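Take a look at the structures below.
First chain A sits with chain B, and in the next complex the same chain sits with chain C.
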Partner chain A sequence: MTNNSTGTPQSETNKAIGTMSTETVSSGQNTQLPISEQLSDNIEYLEKTFAGSSDIVFKHWNYGPELQYTACSVYYESLVQEDTENYMKITLQDLVMHEVGPGMEATPQDIRGFFEHDGVSGKKASVITDLLQLVDHISNGRLIIVFEGWNKGLSYKAQSVETRQVSESVNESVVQGPRESTVENLQKNLGLLRLRLKTPKFKIEMITAGGETKTAVAYGYIEDVVDKEMLAEFKNRIAQIADLEVLETSYIEQIIEDSTYSPFPQHRYTERTDMAVAGMLEGKIAVLVQGTGGILLCPGLFTEFFQSSEDYYQRTVNSTLIRWLRIVAFLIALTLPSVYIALSTFHPELIPTVLLLAVLNAREGIPLPAFFEALLMEFFFELMREAGVRLPRPVGSAVSIVGALVIGDAAISAGIASPIMVIVVALTGIASFSIPQYNIAISLRILRFPLMISAAVMGGFGMMICFLFILLHLCKLRTLGQPYLAPLAPLRLSELRDVLIRVPLKTLLRSPRDLHKHKHKPVK
Partner chain B sequence: MRRLRISRSFRTRCLPVMLVTLIFAVTGCGEIKDINHRALPIVMGIAPGDEKEFRVALQIPLPGQQQYTVRTVSAEGETVSQAIQRVQTNVENHLDLLHLKLIIFHLDLIKDGINEELEYAIRSRQIAPKSYIAATESDIVKLLNSTKERVEQDGTTFYNFFSQTAGWTPDISNTQLWEAYRAVHSSSQDYMAAIVGIGDDEMLESRGSAVIAGGKMVDRLDSEEMLLVNIFNNKFQGAVIQVLEKASVMVIGAKVRNVVSIKSGVPKLHSKLTLTVSIEETKGEPSPGEIRHQLNEEMEGRFMMILNRMKKHEADLFHIGQHFRRILTPDEMKKWRSEYYPQLEASIEVETLIRNTGDLIDQ
Partner chain C sequence: MIRNAKEGGTGIEKQTVSHTQMGVLFFVFMTGSSIINIPGPLIGKAGNSAWISLLISGGLGMCLLWCMLSMNRKFPGMTFVEYSRKLMGTALTAVFSAITISFLFHMLSGIVVDVGLFMISSMLRETPMYAFTFPVFMVAALTARAGLEVMVRMFTLIMFLTAFFLAFVLLLGIPDYDPSLLLPIFPEGIKPTLHGAYITFGFPYVEVFLFTMLLPFVNKSLSGKLPATMIGVLILNILTLSVSTICSIMIYGPFAGEKQYVLFALARIIEFQEIIQRIESIIGMSLILGSYMKATITLFVLSLYISQLIGIKDYRILVMPLALLGFLTGLVNFDGALDWAGRISVVHTVWGAAGFAVPLIILYIISLFKKKGQTKEQQT
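This part shows the complex of A and B:
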């Protein structure tokens, strides 16, 4: 009995919650709240909705014979252009030009007839029937005009917020190649991409992230090149953002990535349009977000983090050598401190005698064991790097001067660190800076420490164990269903043309693009 | 009754982390000593002791702020390891033989046999098998002390003396520890150890080589003989041979072909040594043919002389027995030194090619 009596209300509540949540999710699109024919009702609703915002403007107009009809335009002052008055004029002018003839004889019926039958207008206007949609449009920086006696509203695109001009890429600078980088305007960015991909196969799909921001998110791909199953999986995952607030492209990265706790980035991030286009030509999906310049290339495979757009603008031999340099830099940045610890505490026999004697002299009088010395110096270095990133630019140089003194000379003369250790830390730092993708350099910073600990505990054997774990993780990692280490593991020889060596561009460009369909089968 | 079950997320996530953490607990990393708390001797000398069986002397570079100093520490013991233990008690840092580059045995010790010492060196697992071995007639402590100043300037001096990439020449034998250890268990490979002494002006003075067979010194070769053995064993780098009094030639290539057979229990060997030489210096005006002829004869003569001496000592310096391994059974090979080798009938044919006469000889 008790069960029955409690069961019913519970299920009712569940139902209620269910309907409520559907309502909130779809409030922008489905729920009907029709615009009233009474202008005052509409204005009252809008005034209530936008109450408390000082930048909302309600501008009342009178028009028609003897100015007997009323209309009202609503917009955010902070978002739209200053010449807003023109829109009412434009609306009337459109009518005058095509239907009513000269004079001030427009009636609501004329307006209604004209816009409902898609009359040619001077500025692009869309007709809105729903009040909630009206609110959406105002929030998006459009100008709304509602008329007395017509249950529809006109929405004009009038947004004008100052945006940054297309400028040189700051984070991914190159010597050769285009300098342009993305800005914070989605349409501009999409335009930059379209300029480079003049084909109808380049599809751009738009979705709106949910929550309060209503951010427009676009993703583009090239229809014939992209893997269909991967695209389906991507769409499936990005649907999650419908009720999440998205402020930056990296939000999307974190929402759609396979392994949240992996130190390795699973998608590539760029602000260069040429890189984004090259990625899409290889079958990637590019994600752009309104209000931020970052482009996310999904999926990002391990080997791709060693590629830079400049690799393709330079001659084959040069870029292959530089590719190798980066791989060596990767290994140095990952292992050098731990190799030093392992060699100096466990395997001194591996150090050539002359160097050994030099190391012995250098380490004489250092109070800390090699591991703690390395840990301390790495900590100093990371501290300096973090301080340098966050500080305003004029102060930044002060950090580098102080840092150079602390990590360099002073630490040695104070007897805290040995010169060899300073070399090791400095080399590690320089090596990690020479990796083109910033986010994989961060994962190196993280992995360096477990490696150092294992080297301090078990020497080369410990490093081996640690490497095995890293390798296992890398082999297991999937990104959008694709193996992260491809084409190294599983080995696909035909795709190795852009991994360890960069084959001549002639060969690289001739390779059939739809090859991609047969590769990277998602692993279930 | 409900069974207590470990949850799946615990099994897949926490358990591996716990197990990996346990690895660190069992490593015993607390015993690891930092590099600057280790004494890493570079040269070890072993000699018969005054009171006890062995005296072991170690030359240890000790780090300093600017320049390291070299100290020679020695102690006596009934066994080599005991003597090293005694040294350890006198040294403030942890003694570590990992970086040993050279082991010098006193000749008196080699005459009694050094097989046990070699076994110890390998079994200790500290001494690198690629470290060199040498012999000396001088007092080892004095030898190590006298070379101190030179080692202080360059820690690798001793190593360089034997290293093929530095100051080694083919008239010094540069046997490594593993080669000596191999001879302990091999029935057909014997070795030599360079005999060094305190030099007057130089740090070390080469005084020929000791031939060691069955762990004991059986003969002594001078540097000319040493050169031939090395050329025959394909170590001819920079070797210069004097041809009578007429010319000196530099060996730039040496190739040996051996044809072996056993007829009615008697092993037969025919070797063909092809020498490629370039003429370095001439006296008078010898013709190329003359030089070739002289060189061939001289090499043949020296080879036969050394081989006959070695046969007497049952020391297989040229590793001739190796070529009979495909004919003799393993059991027969064990008797190689005692039964077959002394009966060996060997002949050698030397062919010389003069690659470069320079302007020294008119063709």
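This part shows the complex of A and C:
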């Protein structure tokens, strides 16, 4: 509960960005319920609404000459934890400093006049006229004061839930480059992005999702760089989330993606602000969700899953060679087990004789055919990986020890698997870890198995047919209207500078990105 | 998804490709399967002068292409069926189409049967042929359904891959080439050469006809460059086929004709420092990929042809049934490799000429007269 900072006041966010008014808070609730002039009526309503939650606080105040006027402040003490400031006093002090005489003489009329005419106040307060809005503000972690004899309420930003500090990225670590990564606080994240993009062209738009969570969802893009048609399509799709409860950025991915059943991810995640900014400079739309650190970059094209932010911080030759390494890793992770199956079962003549003898020697005494051997070992490996991910960290290392024994030595000495098979499985695993984006590695895990089956059934021919299916799917797939395989298919030679080779930064940065990448020629 | 739905909903009209993409499609179609299938039988018939046969038949193919391009200029945005209707009327078009469609069917099943034959003869001897033809038809049908844009995107990638494979094999063969085997050019006079030209005209050069159905898909703004691209691609195709034929002759000499898949045999010979050996499988892959692409284009054209002939708006409905029909035709039609080879070298050309070349030429002549008639009318 304490870490859940879902309650950033929506209105605050909107004011900061200046795109929507406070009304969004009460969006979805059309009925107006004006605040009464009778304090007791209001309190009654609020007490009824918040009945059953023990962390709600009603604090009654008396003020004015001879303490004859009453007021009440309402807040969640779970959200307003630092109860050090007395907002009632601040309110009165505002009057003292600027308008009337000593605080002892403040009357409801003074307060009313002061705040309704936007008098300068010490703490940022907003005036609320609607009871439902009042409830929303309280739920959002704000402190509310209602006064006897005034049909409006004051709302103070008082939320003080502890959140995580900006720290080093865990999932996308680099040797060189900025370390900072996003946190669970939307405003902080947007601030980090704004810090890097000092232009009014960087637009951030806000949506509130869900009836209960009221999650703030923000999406940012750079005007003039982003493809207009794509943006319109994106807005069209993201409008669907208005009445869905969104807890994580990945919800958004699943709602707006083109193909739900495709094994390939169609959008990219990052928790690095430099990656997000680089993405937006290339015309992507960045989606952030309150309460989670993942930034979704839409659309994600196939070739971009091979890019890492470090590619641009290193020298060209290094980056290019590493890019190739990743492509090889991709191919190994996808095909190695099936190639082994196809070669050892159908096309032994293609293996050089000496190696073939070694393979046969190793396979001698293995009871299972190559396909089942591979399937079993792959299954062990996937099992171990899954167990390693889910287990609590202290126990996690036990899995790797046991796992190494099971798929390593023990399997060989028990005669279940041949040493070559162990090498194949291990290489596949290592290769799949070396792909910078985790979610495309998952799609490889899925595709590996149909490939293994087709290799077991039809050998090389079966694998080719399987590859044709995959390629056809990739060529057909679109993400937010863009061909997924672009710029490979359709082939756009001028945009291949960041695919197989990472051209020198001088060229990469100098040539107008917006012209190249975002004025799309008619899609072919 | 939304954009896809739009494309799918309105059918084919919205899909356009650029002239280079059409060139890629053309190259893939003309070269794909013929580069593996043609050299062997061709050298068997024409001997050392096989490459001259290719030049002759390629020249004839060029004439057909020229007819097609000028028809495309006269009737912009119209497929063969559409302008044939305009010039000859629906009834005559239907009569001529009977042969055209039958030959398209024969082509479709033939291309895939070739893959099956190859797999059976060189790799997996025990497997029944339908095990190979069925998956190929499956992928081809799905690709044809996906539409021209997807086809073009996909084939561009595959083309680079197969071109790389082929260049790789032919270049590594250099140490084994013996240029003296090329002589004498005409060991038995001119007749075998003409025979070779006859075969290669039937497969693949008469098949340029299929692009009468595809040329209207070229993006209007770029269609000015189309004739040059298409002619350039055809020349490139003739060169590629000739080079691979010459390379085969330089390795095997007169025996090249005895091998059905001579490039496959050529790749088998290649050995480089014990690192690169037994690379014939990449030629096998090229054959499968090439045939798959050609079958897809043929299936696409066949569906489009029939749908336009009988007035169905969306060709997609026909793709799957036609693929199944093609698969069954392949099963029924095929009685052994020898019979098949005979049919290809004898009937194929006549059939193709009757189905493809004759209607096109007739239409071309009609259009010439009509044009004259129109200009006369305008003058008076």
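The rule is simple: the second predicted complex is superposed on the first by the 481 of 524 C-alpha atoms of A that agree within 3 Å, B and C clash if a C-alpha of one lies under 4 Å from a C-alpha of the other, contacts with A are read in each partner's own complex, and residues count from 1 in each chain.
In the analysis below, a residue touches a chain if its C-beta (ideal position, glycine included) is under 8 Å from a C-beta of that chain, and two chains touch if they have at least 3 such contacts.
The structure presented is a predicted model; accordingly, all values stated were derived computationally and were not measured.
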Worksheet item: Taking chain A as the common reference for superposition, should the pair chain B and chain C be classed as clashing or as fitting?
Response: clash
Discussion item. For A:Q165 in the superposed arrangement: first (chain B), second (chain C), both or neither?
Written reply: neither
Practice prompt. Scan A:F346 for contacts with chain B and chain C and give back first, second, both or neither.
Written response: both
Worksheet item: On chain A, which partner's contacts cover more residues, chain B's or chain C's?
Response: C
Discussion item. Between chain B and chain C, whom does A:S259 touch in the aligned arrangement: first, second, both, or neither?
Written reply: second
Practice prompt. Considering only the touch criterion stated at the top, classify A:M464 as touching first (chain B), second (chain C), both, or neither.
Written response: second
Worksheet item: Between chain B (first) and chain C (second), which, if any, makes contact with A:K476: first, second, both or neither?
Response: second
Worksheet item: Who does A:P369 touch here: chain B (first), chain C (second), both, or neither?
Response: first
Item to complete: Touching chain B in one complex and chain C in the other: list those residues of chain A.
Response: 346, 349, 458-459, 462, 465, 469
Discussion item. Can you tell me which positions in chain A touch chain B when the two form their complex?
Written reply: 344-346, 348-349, 353-354, 356-357, 359-361, 363-366, 369-370, 453, 456-459, 462, 465, 469
Fill in: List of chain C residues in touch with chain A within their complex
1-4, 16-18, 21, 119, 123-124, 127, 131-132, 135-136, 138-139, 142-143, 146, 149-150, 152-154, 156-158, 219, 274, 277-278, 281, 284-285, 288-289, 292
Response to the item:
The answer for chain B against chain A in the complex is residues 20, 23-24, 27, 29, 32-36, 38, 40, 42, 61, 63-68, 96, 98-99, 101, 128, 154-156, 159
Worksheet item: Inside the complex, what are the residues of chain A that reach chain C?
Response: 233, 236, 258-259, 346-347, 349-350, 352, 458-462, 464-465, 468-469, 471-472, 475-476, 478, 481, 483, 485, 488-491, 522-524
